[in-house]
Amino acid sequence: MTVTLFIPCFMDALYPRAGISMVEILERLGHQVVCPEEIACCGQPPFNSGYWNEARTIATPVLEKLADAEAVVIGSGSCGAMVKNFYPELFKATRHAELAKQVAARTWEFSDFLVSKLGVTDLGAKFPHKVTFHDGCHGLRELGIHKQPRALLAKVRELELVEMTEVSCCGFGGTFAAKFPMISTAMGEVKCASAAETGAEYIVSSDSSCLMHIQGLLSRQGKPTKTVSLAEVLNHQ
Amino acid sequence: MSTFVSDFKTRATEKAGDLRHRQVIRTALRGYEIVRDKRKAAFQSWESARQAAAETKWEAVNHLDKHLEALTAKLEARGTKVHWASTGEQAREIIAQILRDKKARCIIKSKSMTSEEIHLNHALEKEGFTVVESDLGEFIVQLRHEPPYHLVFPSMHLTRGEIKDLFQKELGDAPSDAPEELTMVARRVMRQKYIQADVGFTGANFAIAETGMISITENEGNARLTAALPKTMVTLIGIEKVLPRFADLALFLPMLATAGAGQPMTCYNTMYSGPRQPGECDGPEEWHVVLLDNRRTELLADAEQRDALHCIRCGACLNVCPIFRNVGGHTYGTTYSGPVGAVITPHLRGLQEWKHLSNASSLCGACTEACPVKIDLHHHLLQNRRNASASEPAFFERLAYQIFGIVANEPAFWSLAKKLGWLTQPLQKVVKGSALDPARAWTKTRDLPAQPRESFKDWWRNRK
Amino acid sequence: MSERENILGRIREALKVNAPLPGWHGERSAEHLSAGDPAANARNLAARSGTASDWLPLVGASVAEQFELFAKNAADLKADFQLLASRDELKAALLKLRDAEKWRRVASHGGELTDFACKALGLPVTLTDCGYDVQEMEQCDAGITECDALIAQTGGVAVTSRSAGGRALSVLPPHHVVLARREQLVADLPAAFALLQQKYAPDFPSMISFITGPSRTGDIERILVLGAHGPKKLTILCV
């Protein structure tokens, strides 16, 4: 099928490798990938801060661009939740209300798309490291993504997955990280400690924004643990 | 910036950096988590129970007037005096008047967060009444002149050593720091107070419309004694706490205990339907029930967030909230802390003055997942943010999003922005963390990611 | 206008707009906010299949299983439960308690089982039925009461101010002894509430209490301490 892949703003600028991995994986699976160049951001930052008019300004062209897509795949859990769960709310009682619902119905987060829509779990990947998986909160609780990444990781050769004992928010939360930096940092410290307990070399996540925050803390603290996106692991040979 | 939000930020920063405090909270909650998970697993279907509880509360709150009328009629028929208070001030005056009428001097209290909400103790003490908190945790924080730290565990933030020192200082009685011994000190202190108090004051967990009852949940037995011995009993309850039927308690009591404390049932769950009845050998001669609004009807009128009134005050959302776990209950600076506090306080005390509680969240959704009555907590935080910025937008923040919108929607601007970001990276390294650094909020404690030269869109464009 | 009318008026005004149905998190469409038709919304509430007994913890069907569950739960709560085969065994159990705990005075109320117990103990008794002196009750080593039900699901006991000698008797003395009959065992909380409603409605005792274990607190470092204000010991003798 033709997959419209939406790589959101921070992934585009800061984590292109994750997006590139997604393109390569989807093409290897035989699908045609389209990346609309005109849209950069799903509109979540103003939306989360309560500025819904401004969010609509950013989201409207996104919605219109995705209107005819056969399948929309979004490269991060939080942006996926924005389009799938929150666009219908954002566009309620506007002329785009129906379109938002339709696009939402055709939108998946990347790991969810592979497992739930395509029924694929083995991508022929190899990643000979001990890893732990961090569930981004939007993906976990808004989109119900928990089994899907683990089903994919289970098929990655020589990868050892160790679960953290505690499930908790990494503390990024978008603008929250800048508005309440000390709380955000404390939450991140708890997450890093939790990951360290597993002895994993890599923290893997399907949300690069979480990884940005976690890696930022790990680097500042001089910790050896590394972070990597799920897509890059699944594309690793 | 209002003083509430600047105080919050100051306290939050201090507590978030206080590793000892964070560890005390973690340890206190870890014990709870283990038993809570065990008890939830014992349910044949915790999720079905949640759905049923959510629907029952929906039924209760969305027919609130009818249930309150039924409740009142039944209570009054058996001799209870029911009072209605629109505001905290009215409630305080009603209660103070009862005490004056009874020429009371000493009031023994069992736990009531609603009485905290209306600052009852302070008002009564100012008038010269002696108020004794009988719940151990409340007794401890009363001695420390501080508010309860948590909906259910008032003294969660204190170690046994601190409590021992407190008892030594205030009571002159602290044989050791063993919890057993300290509890016995409190037991000894309370004994005669129950027997000699003029008035017993209680809170309430549920009000049953069908049978005209007030239900009180506790572990210690202090509420049982408060409702048994003094000649006059006064109960304060928020109007939203109704349940339609007596049988509904069979679901709500074990759910409250499970979510709130990880217990199958709390030790004493007691339903009162009147003062001492003919043929009974004890109990108060007079029972006054004070129904409190205090802006709950405003929250009721917000249909989108009305389910916040379904709250059974179990504290489960506090226990899972990463913000609460890292800054603690006192940081919020108001009676109701944690996620439910962040949702309802803007309604009960003013949106613009208290919106910061709704802002101080990463919207992780753990609260909504934990809530036994399925309140849509984290989405309500978002709705509060929307309502706050719709009525009073912050000029620069809104401008920033407007500019961001222009940049994001125009490929040429977006490319330019990325290029500028990459070019100024070396500069960023120079100012990092200092007052000149625009990203200081981030870089004070975290490194920024390195921006690669080629963005995803560059790669995509180049491969064509 | 009274405050009652003010408050009820505000409630009625607020309820003119219907709230979204519970547990609807995935649905954010405007259809749920249909104004002015609470009956329709009530009908739309997800058809609930089952009752609380289907969701609360599992209780075995047979009486034997239920007694086993009750015994296990009581033990977890640190309540002392004894299932006795006869009145003789009940008497022996009471005497054993009296001697081991060194009781000198007990409090109780009139009733078939409590009369038997007080006679067996042969101690001075403070009876509550016609009123009592609280300071005298405070001197009692134990409070002996009957009950309305034993609940297998929780290991708890249901008492009322009518069946258990008032409000204070089951909570003031440091040791609460409950005398129960085998037929009083019910499976779960829904059954207990149904029993109480059937037995007493509409003229309920002014106090109904579910007692689940001895008094306790976790307020100090979440360490469990028994006997916070209520009884430190709870003994349930079932005959």
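Note that the chains take the letters A, B and C in the order they are written out, and that residue 1 is the start of every chain.
Simple rule for what comes next: a residue touches a chain if its C-beta (ideal position, glycine included) is under 8 Å from a C-beta of that chain, and two chains touch if they have at least 3 such contacts.
All of these numbers come straight from a predicted model, not from anything done at the bench.
Asks: My parser should flag the chain pair with the most contacts; which pair should that be?
Replies: Chains joined by the most C-beta contact pairs: B-C.
Asks: Relative to the centroid of every protein C-alpha atom displayed, which chain's own C-alpha centroid is closest?
Replies: B
Asks: With chain centres defined as C-alpha means, what is the inter-centre distance between chain A and chain B in Å?
Replies: The computed centroid separation for chain A versus chain B comes out at 32 Å.
Asks: Starting from the mean Cα coordinates of chain B and chain C, work out the distance between those two points in Å.
Replies: Chain centres of chain B and chain C, defined by C-alpha means, are spaced 26 Å apart.
Asks: In whole angstrom, how far does the Cα centroid of chain A sit from the Cα centroid of chain C?
Replies: That pair's centroid distance is 50 Å.
Asks: Can you list the residues of chain C that touch 2 or more other chains?
Replies: In chain C, no residue touches at least two other chains, as defined above.
Asks: What parts of chain B, by residue number, touch at least two of the other chains?
Replies: As it turns out, chain B has residues touching two or more other chains at 368.
Asks: Note which residues of chain C are touching chain B in the complex, please.
Replies: Against chain B, chain C makes touches at 2-4, 6-8, 10-15, 17-23, 25, 33, 38, 41-42, 45-46, 48, 50, 52, 54-58, 73, 109, 128-132, 134-135, 138, 153-156, 161-162, 165-168, 171-172, 188-190, 192-194, 196-197, 201-202, 204-223, 225, 227-231.
Asks: Report the residues of chain B in contact with chain C in the complex, numbered from low to high.
Replies: Those residues of chain B that touch chain C are 27-28, 31-32, 42-46, 48-52, 54-55, 57-59, 61-65, 68-69, 72, 78, 84-86, 90, 134-137, 140, 153-156, 158-160, 163, 179-180, 182-184, 186-187, 190-191, 194-195, 211, 213, 219-222, 224-225, 227-229, 239, 246-247, 249-251, 253-254, 261, 263-277, 279-283, 291, 293, 297, 300-301, 303-304, 306-307, 310, 368, 373-374, 376, 379.
Asks: Where on chain A is chain B touching in the complex?
Replies: On the chain A side, the touching residues are 7, 9, 11-17, 19-20, 23, 35, 37-41, 43, 45-52, 54-55, 57-58, 61, 137-138, 140-142, 168-169, 171-174, 176-188, 190, 212-213, 215-217, 219-220.
Asks: Can you check the complex and tell me which residues of chain B touch chain A?
Replies: Contacts found on chain B: 9, 12-13, 16-17, 22, 322-323, 325-327, 359-366, 368-369, 382, 384-390, 393, 397-398, 401-402, 404-405, 407-409, 411, 414, 418, 421, 441-442, 444-449, 451-452, 454-461.
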